[in-house]
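Consider the two complexes below, in which subunit A is the common component and subunit B and subunit C are the respective partners.
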Partner chain A sequence: MGVPELLSGDGLRLDGRREGEVRRLTVELGTVSGADGSAYVEQGQTRVLVAVYGPLEPPGGGGSVYQSLLAASTAAALESCASAGRTPRRPGRRVHTMEIEENDEILDEGECAGVPEKPLRVLPPATAMGRVRCEYSVASFASAPASARAFRAQRRRQQQRHRAAAAAGDVSAPPDSTAGSASRPSKFERQSREAAARIRQVFEGVILSGGDARSGGTSRLMPPHAVVDVFVQVLQSDGGELAVAINAASLALVHAGVPMRGLPVACSATALPHQRKLVPAVDPSAWEMRQASLANTAMGGVPQVTVVTLPSEADDRMPLLYVDYQAATSLPEQPGIPPTRATGDLFEQVAHLAASVGCPQLHRVMHTAAVAHLGQELARREWSATAAFIAAVQ
Partner chain B sequence: MFTAPSATTRSLPSPAPLVLPGDAIHAPEVNTLRGHGTRQSAHDRASTLRATQAGVVERINKLVTVRALRGRYVPEVGDVVVGRVTQVQISSRRWRVDVQARQDAALLLSAIPLPGGVQRRRTPEDELNMRAVYAERDLISAEVQEVKADGTMMLHTRIQGRLGRLRQRGVLVAVCPAHIRRSTRHVVSLGYAGMAAVLGVNGYVWVYVESEATALDGGEDEEQEMAAEMPTDAAVGGVTAPSRPQALALCRVRNAILALDVSCFSISVESIRAVCRWSEAVPPADMLQPAFLERLQAQLAASA
Partner chain C sequence: MRFEPLSLNELSFVLSSLPLRVDGRPLDGCRRLQLRHVGRYTVLAQCGGTQVAAQCRSAVRAPLPDRPTEGALRVEYTASPVVLERHGAVDGALAGRLREDGVLLESVLRQAPCVDLESLCIVSGQWVYEITVYVTLLDYDGNALGVASVAAAAALQRYARPVAEVQRGSDATTPPIRVYRPEERPPLPLTTLATPLILTAAVFFDDHAPDAPTLFAMDPLYVEECASHSRLVIAYDVRGERLLAVRKGVGAHAATTSLAALRACLERAIEQARPWAAALDAVTKPPSGTATGLPSIPLARVSRPDAPQRTDTLPTRPPPAPASIASPPAGVDPPHPRSPSSSSSSVDELMDTVQPTRLRGSASRARRPR
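Take a look at the complex of A and B:
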């Protein structure tokens, strides 16, 4: 199978970017009135809208019981994630959560080398454990091929059910009956839940709650029973949805005034085939991802990485908060071909590029946009408190 | 609801430098006091603080705080708030009230004027009658009496005739708490078509028809208290439906408040009245259309 060339002779990608360049980023805050904070982010053709409510006391009261339940369910989810990392149910998909206070280098050497063996580690940064609730949904029109596939799959399942019902002699069931469709989540539902869990994990480590001794008087800003609701809606998906969703969520949380360690910035990256080699590149579009995964089969082990950094945690370095990556180990093993996997080297290069080249670009735009928007809000509020304002409308 | 983007008008210069979470705040003084919204990172020098909130840096002597620009209501003692009773906790002799804050407020049985208006000890009968005073879903106006160290707030409704259940014909408008301008009076007459409002500092605004303001429940009439056990329309008692002009005026005031909120302008008696008068030519239903909002923002920006 031929390997597609994704870089021109000059090293330009199909849309004219270099490997280290992210797509055009547009940020708008306060797009959802009624939410405590909201943000709309466009990165290339990927468009995500996030609304944040909170911190608020969960309705129904009984804060502590509710919170312990939430914490228990979170722990269970993490546990299942961790076990999924060891068992071959979803091979090749791993999550690393790293202790940012102690993690001096951008990527710990040991973490990279042991890519497929290391299970999930949940470490103290999760100061807001169980305090973040996230709902992630992808609009049915977000990407044409995906939704068409989903539609066909749904039709197929319905027809199967109908046939089964007919075979059982139950002819009364109409062919389009959706009874029992809720029994098993579809692939898209599972992906959405997984993305929601990732976003929740990131912000559990970033949001400061009163329990943290170093958080500096945040107990009033984030009371013991309060939770933060994050609603993510992917309106259009063209690669890097998780990264864009995390960026939009961190802007929405900033807009809502939720106390945080810093402004988390996420960036996705992969490796593109170029002259029989794999070249790391940030922020791939959906098309590039598809092509790279074709190359995956031919060249073996193209990592797909999403990195979250906290650029402002310290001036001189960018601590890595979170990595979500998909190596090529999910391919079925074929006789004669060794099981493919991203080499530690390539994985490290890709993650490093995303953290040190992609994230700063995105951070600059996000920071500027957020400061500009909040400054505008403040200016309007202060100006509209003056007599000149009243005179203007009379 | 999607709003008109705020970029439609000429941008104003920000009156103060802003920080985002994680941004460094230079604090060269020795023994700087870390206030709300700041923290000390393990990686930083001692003279550097980090913001944990988006907002404006405020310094009072050695105390450095970051004041959030938006977000949920942060209580201060003496604030007049409008809230909705979410729970009647008879065993602990308190009501839980939703005031759009980070946690629910508490209104103690001992913090309300009892029916009859006499000063006396609270009896077990009073506890059993709590639901007759304020039931679930009742709207009340109250004052913040105390803010505990963990941010819990205690309310009281002891000012008769001014605080208490909101039982007039009116409408509740929820806005961003930061947009309500603090002033000396928050239970005010708007001076527009006989409308009045309780401008809750917490972002809940109760707009009502002023001529019925006498029905403001301070607990002075015991019969009405007892009749109000069921929070149905019948229990509203002598309050009649607003006439058509009154209803239109209510709508106009409501939409004026929402238009100010959406445009990030501060909400005060003067600004509400000004927008209501300025919008006379527009039917109330059109006041939240993007066309009107843009016209309003352009008009204001022209004179900024």
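Take a look at the complex of A and C:
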């Protein structure tokens, strides 16, 4: 039995898509009624539900604004230069005054001078660095039977280990601990944590926290000490879970009314082997990925990329916000090692397909859904603005 | 030691002097890398103010049930308490960033693949080697991940794992194995398939003019990293000339870039990786003739033709191979258990001191200059 042809003679994949077509996207906002914002996204057979709670008071109590700024700035990551600007460790400094002074400066310059002459300015980032918490979990029924079997086997191994530890007299190991061993978490836990870290990284930079002039006065809704919780639940995984989760999270944040710089749209892509060469294809399903890596084990698997873009309303550019490209995993056995140009070319082709071909299709559906939701909200709250708004949008 | 956070003046100096860099390098220029072996086990990588030490260790354990023929490779990436205190006081997320960098380093080394995991198998399904690379950040001045990856790759290339042998003749289902110490049997080097390097660039973009090109500063300093808007990480295999992974973070300013700029940066970064790859190759070539990591043991002297005559007077010495047989390979012949495995002169001295009484003839032969 030969390897199934992933691309037919007409260039159709096995589910009838072309290589530049994403799977059918279904979006539903407001699925979880108890959450501040929620979204349920189905992209092909991948189903992800995201619930967002926020902006909230931080769990340690509100405290003073100084305390929250201290907490916020110490939790800021490498890229934040505002922690240097705010310098919370000097107790003599009045942080509020410093902020207000800076705001006045920026407003004056912005109004009078237009584009400032120094192109790159050190501005405190109006982002929620360190104030977005994400939890990512994959339901145990979510994936194909093979990985469900592996998951159950891993659970069985954990229980055996705990039983052996208990028999040996070590009662300190809790029986319900999800960690396989004391220091090394299980593979599934590690993957969940990595996915949660990536989603958090993307939205920390995108959510506006207010407090500087460019955020347009959103500080009332999202004060600098507020925290946003994002809970991602993958109900069915069929490839591209991270991209679908990011799309669902952006829609859930729109539903919650959390201010963002834009609507981040994520798309995944890979390159399928077809007649001895690799053809870039967007939004692969899990089956396609598995068949492609099996077929291509001699060449070393297939590359995968997940790209998050921030589409701007003004033009059709798709600036890349987050790129995660992973090339083929094993060493190619061909004696003629392809030169560096080839591997850079493959990265560019696959990333270009994801960003400029896949993302606009997804963005169209997501944008329409978000705007329709906003229209409904307005219709519920303000009768007079409804007709004008809907006329403007359509 | 108090360490103040960087002031706005310093950060805006970095930003306003772009595309020039603070230390005068071009945008694509990397600092000079000094890579050397310290002692018997450690590789020390120094690049400007960033210093990383890497050591390897092996353990023997049972393999994973779904991969019975593969060994394991682990990376423990930590920072010394001085670095944690100095930089962590200001930058509260340093520990989290180190953890993420450790995960990235481990996945790059595993997927390169740096070490052939199948060669680490002793008994399929029962005993495999687990190689752990301990990478410690000793001093931090930007680009810790890049220097750490060079140190880890050099440590893996130079490391030699102890030899393990299955003890036959037992009825247990799990045959016991015996792991020989390096003094008993010289260790074997690992089979390295690829040499992955991680290159880091700091991304600067202009929020006010989105059409302005994004600037990528390779091998950033600490000030540049603090002032940057996000970070680009490129994993590249220098031996096979393959691109392994590209990761561009989001950063505090939601730095966006275009694909063309990213691609151009990739090309330039790969060019700049060559001096680092050359430094890696120059250092990890083991000295010819000896087992890696061990000082030279004068095994050649044991198999000399006049040696059997001398050893008749040394009852404690194990008998060497007779002169008719060619000198045995270095791996089989165990050295003298009393020799401290240091230079040849001390072995001769030891042999002389052990034998106070010697025949005249052999004494003259013993005293013959070698």
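Just so it is clear, the second predicted complex is superposed on the first by the 252 of 394 C-alpha atoms of A that agree within 3 Å, B and C clash if a C-alpha of one lies under 4 Å from a C-alpha of the other, contacts with A are read in each partner's own complex, and residues count from 1 in each chain.
Criterion: contacts are C-beta pairs under 8 Å (C-beta built on N, C-alpha and C of every residue); 3 or more make two chains touch, one makes a residue touch a chain.
Since we're looking at a predicted model, the values are computed, not measured.
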First (subunit B), second (subunit C), both or neither touched by A:164: neither
Which superposed partner A:351 touches (first subunit B, second subunit C, both, neither): second
Contacts of A:310 with subunit B and subunit C, given as first, second, both or neither: both
First, second, both or neither for A:204, with subunit B first and subunit C second: second
Touched partner set for A:12, first subunit B, second subunit C, both or neither: neither
Touched partner set for A:377, first subunit B, second subunit C, both or neither: first
Contacts of A:261 with subunit B and subunit C, given as first, second, both or neither: both
Touching both subunit C and subunit B, counted on subunit A across the two superposed complexes: 261, 310, 312
Residues of subunit C touching subunit A in the complex: 5-8, 11-12, 15-16, 18, 65-66, 89-93, 96-97, 100, 103, 111, 113, 193-194, 204, 206-210, 212, 225-231, 240-259, 262-263, 266-267, 270
Of subunit A, residues touching subunit B in the complex: 28, 30-34, 36-37, 54-57, 59, 61, 63, 101, 208, 210, 214-226, 254-263, 310-315, 367, 370-385, 388-394
Complex contact set, residues of subunit A against subunit C: 73-85, 87, 89, 115-116, 118-122, 125, 127, 129-130, 150, 153, 157, 190, 194, 197, 201-202, 204-206, 261, 308-310, 312, 317, 319-332, 337-340, 343-344, 346-348, 351-352, 355-356
Complex contacts: residues of subunit B adjacent to subunit A: 1-3, 5-6, 11-16, 18, 20-24, 34-44, 50, 52-56, 68-72, 74, 86-87, 96, 102-104, 149-152, 174, 178-179, 181, 260-266, 268, 270-271, 274-275, 277-278, 296, 299-300, 302-304
